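In the two assemblies presented below, subunit A is common to both, partnered first by subunit B and then by subunit C.
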Partner chain A sequence: MYRLIIRSIFNQNLFLKRYSSNSNNYINVTIIDRDEKLINAKAKIGSNMLDVVLDNKLDIDGFGACEGTLACSTCHVVLDSENYKTLPEPVEEENDMLDLAFGLTPTSRLACQIIVEPRMKDWVFVVPKDVNDQR
Partner chain B sequence: MTKHFLRKSQINFYFNRYLHEKSRFENGPNLEYFLKQPKSNDYQGNLILGKGEQRLRIPPWLKTEIPMGENFTKLKNTMSKLNLNTVCVEAKCPNIGECWNGGEDRIATATIMLLGDECTRGCRFCSVKTSRKPSPPDPNEPENTAKAICSWDIDYIVLTSVDRDDLSDQGSSHIAQTISSIKRQKPNLLIECLTPDFRGDKKCIETIVKSNLDVYAHNVETVRELQSHVRDYRANFEQSLNVLIYAKELNPNLITKTSLMLGLGETNEQIRETMRQIRTYANVDCLTLGQYMQPTRRHLKVKEFIRPEVFEELKNYGESIGFLYVASGPLVRSSYRAGEYFIKNILKTKRQKKEAVNV
Partner chain C sequence: MFTNVIRRCFVPCLIRRSLSIVSNNSTVSSSPIRICVIGSGPAGFYLTQNLLKLSQTIPTTIDIIEKAPVPFGLVRYGVAPDHPEVKNVINTFTKIAEHERVRFIGNIHIGKTIGLKELQEFYHIIVLAYGSSVERNLHIPGETTLENVFSAKDFVGWYNGVPDNAQLRPQLNHTDQAVIIGMGNVALDCARMLLSSIDDLAKTDITDIALDTLRQSRIRHVILVARRGPMQVSFTIKELRELTKLNGVQSMLNKEDFNQIDQTMIDKLERPRKRLSELMLKTARTKQSQNNAERFWYLKFWRRPKQLNGKTLVESVDFEHTESVANGDFSDPNLSVQPNGTIETIPCGLVIKSIGYYGVQIDPWLPFDTERGIIRNRQYRIDDRPGFYCTGWIGRGARGVIAETTTESHTVAKRIMEDVEQGHLTNLHDVKSGGDGLIALAKSRQIRCISYEDWKKLDAHETNLGNAKGKPREKILNIQKMLELTAS
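And now, the complex of A and B:
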């Protein structure tokens, strides 16, 4: 009888933990793509923003060409100035690559270097145009 | 016992079906139907990517079969046993089934990629892995490559490599060593090498040219206007052309070759202007034109699927402005076998002329 009670409490605990840890693992962020379309994306905590774009299968082409190795500037994103200030300083290699990015702004970062944290809930990431639109 | 016999109605049905199939077979398509190339005008689908649109569907002239076959498996095993990489696999070439199996003449060939499978650059059209510090080159690779290539029954081979901006000589001596090994073991084998731009370093180009290869290839990839959009930031049009000019300067008998990918958003006029510059300013002998195909989600989308007729027109234009040979078609790639036949002829003629002069 007691075993039944203990087991049911234990199972409930596990169930709650599993349920709550699921919702704790992901946060919602907003990504605005190159055609100015608003996309709601699920960002896994601990991954970087390049992974978020890939995992959500977003249709942004040529994004992350060097697979996050700081050898290109194709995952260039623009943040709000308040959010930008709260991010850790970029390493020298990131700055070198950012200098080559098209449409660089003072609040630009490379998405592959932004690690998702719970406080980034509802942040907006803008993917700027990567070339002068000739059409 | 009665159920073993068919009813009269059933017999009639099967007999009529047999007659119908027989007439279909006799009145069906003949051999000409299968040999005729379908005109691309029949295809009704969208060929130009509009603003905000999803991916374009692949038109029928670009569909290839799933690669399999005896030669294919044999080559795959040879590569993995000798620890060799091929650009065919790493860059997801659609022609892999055809080239590795051997085409009509059943001569299988592959383009071996030297210096590892990790490149230091991240170009937006290429699916080869990128790394800031790839693993050091395998010192046995030149000999293993030479051994593999010399065991195949071929007379023309294309070698290529990844970019190694992290090495002091950018990998040029490794490549030159491979070419020399092959030349030592099989002097009559014609070698074409598709090299990086070595960031314009003339000493590296000299190392490659000194190894006595037959065709020096380096790809400009796209028109001048799209260079920064498509290629890595370390690559540009002038630098690539200068590589080809310098190689020719060092050895005027060398055949130089370059390649363009179409469908990345350039206009027809831009393609023609680029071809003119390659021919007149850089004095390049051979050109290949192919359709860009998006290798993975992370790479640039195809902006336009160029019709086979346009490829044909560009080929005629190229030959009219003086290219020795233009290989042009949607599935043509810079090391695609179709171009080799002609280049082989050019080289044989040159060699015969040289021998005639020496005699």
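And now, the complex of A and C:
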């Protein structure tokens, strides 16, 4: 009898846990850091991708130095071309900062300008190497 | 992923083993490697950040030495007051300064009160990151004899609260026209300070003295003049765009200056130069209709200053017109020009020279390239001085925004740690006292060192003073007062 009660409580908790990670507020995204490590991150809808890196406490050197004010290019990320095309155009000021980004690609954006939407579930964001490794 | 696992276990192991080969003992020396970074601007701080990252398995301490009683170098004294977001990097720097392996030591002037060679007693590795503090001069008649002629370095220092520039006293209320010689980001900063609305400036950390002087300014026309053409400008797009969007200010670019630029030329350019040229073109070709414009800025190309005229105050500048040398390519960044014989006089009551900077040789023992104003180095290793490195402007020349210095610091840190790991530095097994030794020596010479905690007291005072007036801070202009406030 007790076992029944405990099991149903246990199942409830599991159910709640599963529900909250799929809740409307968060989606899962993948961030690949400069060491090519794959990181699963929870991205809050409506926040920007710099917030996501900070909220997930990812250890990426110097990422977001100007704290999202379009005064640097350290939150430079690369998307795959299909996803990139679906983003709204960068404002001129973002392009001005991307000019300075090391290893700029045609599908580069600044993470602080990408607002998380539900459709970005499972998107991959690559943090490119920030210097030519000459070793 | 497996290689990742191997890399993470194997490499620190290798490092430890190579270190024990370096040291005479069979176990790794527990005495830390002492690193000294001279200069606490972006170069110094970003290098420190990268060294910390790369030295997590090797005991090291890093001391950041600064000549002034306050840290941050040009982030405090160079970045314009209306660019507070650029100063956000200070939050990153604070975390670095408060790291357990880092110590900030202010008010120590290396090369003056403590010799560069003397540092070797306390440190295994010394990195020079002290920037470029001397302005280039024109060497033309009137430059040093007439009043109201300033280097951009001094003008910027004046509105940014550099103690040495507190008494500059530029006169801005007897004239409506200013000439700025040079077209770099510093020239644009100076133009923007002269053209911005006082209400906007009043909310920044510009000094009160500068604010009062600008409030009474009658300057309405700011003319930036360059020796060469639009494809050789040194300013960057963010700063130019800002100027084109300034409220109540009209851009006065000459369409004819851009006639030689066609789409073929533009398409061959690298992205940053391409977008910059396109913005200039657009600004020149768009019919401006800012009806409420009260102030104007101009770009005049192909003019080299020949002499400054006036009785006591400057009254005009004579320019000789230039043209490209034979076979010169209009879009060549290194285009050479020659005079074409025509002279033009531009009247003005204020002249600011903004034609670049170079570094100083802080100690005769430092190998120095006087012509370029940089420390002689190969891949950041200072010539003939094992254990000595350089980073930032003092190693590569005074060009580029913070982002470039940040990128460079990764490479410099890697280079230093390479030398450590590969046993190129032979003194690493010596026990050295680092900051403790340096501070003791400074004390014996009656120098009071400022710690980061001391700076925070001054920081709080400046912030409170500023907040009372609706500003982020009010900078203290007097060195003695600064030192007092760090002790309170």
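Following the convention adopted for this analysis, the second predicted complex is superposed on the first by the 111 of 135 C-alpha atoms of A that agree within 3 Å, B and C clash if a C-alpha of one lies under 4 Å from a C-alpha of the other, contacts with A are read in each partner's own complex, and residues count from 1 in each chain.
The rule we apply is simple: a contact is a pair of C-beta atoms (placed from the backbone, for glycine too) under 8 Å apart; a residue touches a chain by one contact, two chains touch by 3 or more.
Not measured: the values here are computed from a predicted model.
Asker: Mind checking the superposed model to see whether subunit B and subunit C fit together on subunit A or clash?
Answerer: Aligned on subunit A, subunit C clashes with subunit B.
Asker: Classify the contacts of A:Asn95 with the two partner chains as first (subunit B alone), second (subunit C alone), both, or neither.
Answerer: Only subunit C; A:Asn95 stays clear of subunit B.
Asker: Touching A:Val78 in the superposition: subunit B (first), subunit C (second), both, neither?
Answerer: neither
Asker: For A:Ile31, select first, second, both or neither according to whether it touches subunit B, subunit C, the two together, or no partner.
Answerer: In the superposition, A:Ile31 touches no partner, neither subunit B nor subunit C.
Asker: Now for A:Asp130: first (subunit B), second (subunit C), both, or neither, which partner does it touch?
Answerer: It touches subunit B and subunit C both.
Asker: Would you sort A:Leu54 into first (subunit B), second (subunit C), both or neither based on which partner it touches?
Answerer: Once the two structures are laid over each other on A, A:Leu54 reaches subunit B alone.
Asker: Answer with first, second, both or neither: which of subunit B and subunit C does A:Phe63 touch in the superposed model?
Answerer: The first partner, subunit B, only.
Asker: Looking at the overlay, does A:Met120 come into contact with subunit B only (first), subunit C only (second), both, or neither?
Answerer: The answer is neither, since A:Met120 touches no partner chain.
Asker: So the two structures are superposed on chain A. Out of 2-10, 254-262, 290-298 or 398-406, which stretch of subunit C collides with subunit B?
Answerer: Only 398-406 shows clashing C-alpha atoms.
Asker: Show me the subunit A residues, by the header's touch rule, that subunit B contacts in one structure and subunit C contacts in the other.
Answerer: Subunit A residues touching both partners: 35, 37, 61-62, 65-67, 69-74, 93, 100, 102, 130-131, 134-135.
Asker: Taking the touch rule as given, give the residues of subunit A at its contact with subunit B in the complex, in rising order.
Answerer: It comes out as residues 35, 37, 54, 57, 59, 61-67, 69-74, 93, 100, 102, 130-131, 134-135.
Asker: In the complex of these two chains, what residues of subunit B are touching subunit A?
Answerer: 51-52, 54-55, 120-124, 129-132, 225-226, 228-229, 232-233, 265, 294, 297-301
Asker: What residues on subunit A touch subunit C, complex-wise?
Answerer: Subunit A reaches subunit C through residues 35-37, 61-62, 65-67, 69-74, 92-93, 95-97, 99-100, 102, 104, 130-135.
Asker: Inside the complex, what are the residues of subunit C that reach subunit A?
Answerer: 1, 4, 46, 49-50, 53, 83, 85-86, 88-89, 91-92, 236-238, 241, 271-272, 275, 401-404, 406-408, 410-411, 414, 418
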